[in-house]
Amino acid sequence: MRTRHFVAGLAVLALAVGCAPAQSGPAAAGGDEKTGTVRVWLFDEANRAPKEAVVKTAITEFKAAHAGVEVDVQWIPVEGRADKFSGAFNDPSNAPDVAEFGNTDVASYAATKALADLTGDLSAWKEGTDIIPSVLDTAKADGKTYGLPWYTGIRALYYRTDIFTELGLKPPATLAELIDSARKIRAAKPDLYGISVGGKYTYAMLPFLWASGGELAKSDGAKWTSTVDSDQAKAGVTAYANLLKDDICPPASCANLTGTQSVQAFSGGKAGMTIGGDFNHKAIEQGTVKGKYAVVPIPGTTAGSIAPAFAGGNLLGVFNATKHRGLGTEFIELLGGAKYQDKMYTAMGNLPTLGSVQQKLAASDPFLKPFVDTLKAGTKFVPATPAWSKIDSQNVLPTAVQQIATGGKDANAALADAVAAMNKAFGG
Amino acid sequence: MVTQELTSPVAAPPRRRPKRPRDGRAAALYLAPAGILLAAILAYPIYQLILISFYDYGQPQAAGTAPLVFIGFDNYAELLDSVTFWTVLAKTVGFAGACVVGSLIVGTGLAVLSTRVRALPRMLLFLAALGAWSTPAMAGSYVWLFLFDTDFGLVNEILNAIGFTSMAHHSWTFGTFGAFGLVAAEVIWCSFPFVMVTMYAALQGVPDEVVEAAQLDGASSWRTTWSILLPMVRPLLMIATIQSIIWDFKVFTQIYVMTSGGGVAGRNLVLNVYAYQQAFAGQEYGLGAAIGVVMTVLLLSITGLYVRSQRRSDSWL
Amino acid sequence: MAVIAARRRKVKKPGRLVAEIVTVVIAGLVAFPLYWMVLSALKPTGEIQSANPRPWTFSPSFDSFERVLTVSGFGRFFLNSVMVAVAVVVLSLLFSFLAAVALTRFNFKGRTVLLVMLLVAQMVPIEALTIPLFFLMRSVGDVAPAFGLNELGSLVLVHLAFSLPFAIWMLRGFVAAVPVELEEAAKLDGASRLRFTWQILFPLVAPGLVAISVLAFIHAWNDFLFAKTFIISKTENQTLPQAILVFFKPEDTDWGAVMASSTLMTIPVLVFFVLVQRKLVSGMAGAVKG
């Protein structure tokens, strides 16, 4: 019987599908039930116990305030998130109510129309005005806000205090000085990379590009056009690619390094400097360089300036198909509010997105100062279009950097290719 | 013992049974479970795959929030127009070819060796090989990377210690050939066991009388192997070769992990990783489907050519 | 058999010792990466990637194993993996045996076409099929909920579909090796075709079934792709490889735990292998068809 049902089901399926590829139906309209289970997706991490503890406290508080409500948290591995979210988009009945996601994914997720527009909710929220504007911008696509910024990731320059003292170097005040110091370190200590950065470490390259006055792309409102072949951008990319040379960070070792690997080399005592995030602090503390390093903002082109950093970070969003629109929003406002941002910082070291919490913490924890300074000096973001995730996954910019660094192509040719690939992704 | 004899590989070639009218219906019955399952879970998705390759089909289309647009052969045109695609294709053929030849040589060589040693060393070799075979691809790739790491790897440390000081900080994954070579070694490491086990079984199946008769006739060891043994084990060698071709052309994990996504400036890309990078990672399922179709056609032609090149191809099916 | 083998050995005695030493050295080389995997799992965190790699550790620690085993739900994931793998093994044995009998013993139109199709099916890149399969499974779930998305049944179905072509191919050779005369003799004794197939043919191809079961087991056991695509939101239905993914963090991968979980993943397969090793080899031999 089952087989017959199965075959019958297939026959119906084949008829229904006909000659077009399968598609999901548009998501059913959500609801605003006040009881039931709120399903939440949060990113899993190797050491998630502290994160879990904070979330549990929040759930207890939430449940106390809402009778008849359960909160079910599922931990999503960061590595497998793409499949999870695709699954949720293609089968809305299995989608959660609330999810944590990276801000670089906002534009492509928004294009599936699976996320709820939170613009109104956040402006009505009393803590909403406290969100740092440049951070809030990273949660927007087409002018609408799709997530509540939960925490921010900012990168700055880590350097070895012992080596700088030994060689009589000062923390670099300009990018030119940074390059010069890196060369001196490598010359004096051939076992070390002057600065450990990598061809695949796009977020370390971007400050160079932005500091030189370049931009990734410009938008005329309807369409994006790549601008990485402008003279300013070219100067920035070339300066970065020139770090991947034998006299600083030999291409044989560094051309293919990712951000993680670059930071690992530094924490393993292999480099005089690196570009790392506030979120790398714990890993570096566990490495051999503990107690022998300090952090300053990545300098700009002129003394005293700070290079614009990439504003990474994670958001909390609500799914459109949720049956608990109100409850979901209330839950992310609780978890993303000042109280729990503070707790999350203590538990995980996540840099808060609320101005007041950030100031309070920066005053009490000197480690945070360079990151907060960088944030204050102004951050930038990747083009807010779904095309960015494609450009990113196709390795467009790393390929250009690697070609310049290894001499495979000159800057003009490599960046011309990058422009072509980016414009194609933008739909040009 | 009965089992052994009856399933012995050189049992007389099965005679076609005399034609019976009832066979069609009986066959249908026997084929039904596998057939229905394969038609539903394999054939139908393959049909869908071909359909998708003619559409502009991305995540919004899959989620049903954007209209489907039929674009004919545009996905294929985009692919075949790209210079990178052809470079990647050529590299894939070279890389997979090396892996296939490597696994066949290593596997067959060790199978021959196994027939000439006593049980204990053979057992050790088989255990090691089976271990390599059963290691998850991701774990195997990372372990090899650890061993060949530029700064933290044991291999460079040993090379340095025994006098090759220039290798102290040699990067195995930087050069195009170095990286391909390292990955190929890992692929061969985990795919030769299948060939070895298969070929060992094949060699075991050759009656000793045949070999002894040849030796009595004064044939050299080399000649015995080449002109007596090889033809007898050819059917299994063919299965091993075809399976190796199919598996090695579809290598993904090893390249993706060991060259971190295709090497410096993409110079170690193979087709499957290229498809992932160009299409699936960016949710361009239409283009990805087109690459999948092209790859299947490619594998089919290569296998077809190989089968053609074998004299006894007619008796193969 | 043993007598013959002994006789053959005598012929090749010169150089045998050299051959045996070479064999053991090669076995050591092949096993070395496995040793390194286990070793890395046992090393304390700081030693895993150090500037002075040593092929031993003086302070072995089970911390990494502990981190893996205490991942919440590990036991459940392990059980799920076992259930999926066993279901796939049993069903693929059954289905492929029946199909192989039909393909070798029966005469019918389109036999060759079917065989070629089985080969082609193996050539399609699996990644490309995930989206069509996803939608298919969603529809299957409407008809038979136990085989829909989020359920282990969906994993059994896909792994079965991907194991069958190769299994049928291999098993065809084994069935073909059983002499037709045997069937005719059985028929004369009054055995029906069905009885012959189950009571005589099935046990005779046992070595082949063993070989196929090992391959199907590895296939289902090691799968990352479908497990993470199909099991969207039911955490309790995740399989073991998912547990490993947790240790890959973009900024700070826990290598000790990755190696420990890989070790734990490999052990069941290895045990399965060792148990059936003998049968596996004779099994492969049966796949020959003249």
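Order of writing sets the labels: A, B and C. Residues in every chain begin at 1.
As a working rule, a residue touches a chain if its C-beta (ideal position, glycine included) is under 8 Å from a C-beta of that chain, and two chains touch if they have at least 3 such contacts.
Everything numeric here is computed off the predicted structure, so don't read it as measured data.
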Inset, instruction - Once you've mapped the touching chain pairs, tell me: line, ring, star, complete or other? - result: complete
Legend entry - By number of C-beta contact pairs, the top two chains: B-C
Legend entry - For chain B paired with chain C, centre-to-centre distance based on mean C-alpha positions, whole Å: 15
Legend entry - Length of the line joining the C-alpha centres of chain A and chain B, rounded to whole Å: 37
Inset, instruction - Please work out the Cα centroid separation of chain A and chain C, and write it as a whole number of Å. - result: 38
Inset, instruction - For chain C, write out the residues touching at least two other chains, lowest number first. - result: 49-51, 131-132, 135-136, 224
Inset, instruction - Specify, in ascending order, the residues of chain B that touch 2 or more different other chains. - result: 40, 44, 48, 52, 62, 151-152
Legend entry - Multi-partner residues of chain A (each touching 2 or more other chains): 6, 10, 21-24, 86, 90, 268, 270
Inset, instruction - Can you check the complex and tell me which residues of chain C touch chain B? - result: 1, 4, 7-9, 11-12, 16, 19-20, 22-24, 26-28, 30-34, 36-37, 40, 48-53, 55, 94-96, 98-99, 101-109, 112, 114-129, 131-133, 135-136, 157-158, 160-162, 164-166, 168-170, 173-174, 176-180, 182-183, 193, 203-208, 218, 222, 224, 241, 244, 255, 258-259, 262, 265-266, 269-270, 273-274, 277, 280-290
Legend entry - Of chain C, residues touching chain A in the complex: 45-46, 49-51, 67, 131-132, 134-136, 138-140, 142-144, 149-150, 224, 228-230, 232-233, 235, 242, 245-254, 257
Legend entry - chain C partner contacts - residues on chain A that touch it in the complex: 2, 5-6, 8-10, 13, 21-24, 39, 44-46, 74-75, 77-80, 83-84, 86-88, 90-91, 94-96, 259-260, 263-264, 268-270, 277, 279-280, 282-283, 286, 288
Legend entry - Of chain B, residues touching chain C in the complex: 1, 3-4, 6-17, 19-20, 23-24, 26-28, 30-31, 33-35, 37-38, 40-46, 48-49, 52, 62, 110, 113-114, 116-118, 121-122, 124-140, 142-144, 146-147, 149, 151-154, 157, 189, 197-198, 200-202, 204-205, 208, 211-212, 215, 233, 235-236, 239, 242-243, 246, 250, 252, 272, 275-276, 280, 285, 288-289, 291-292, 295-296, 299-300, 303, 315, 317
Legend entry - Residues of chain B defined as touching chain A within the complex: 36, 40, 44, 48, 51-52, 55, 57, 59-66, 68, 150-152, 169-171, 173-174, 259-266, 277-278, 281-284
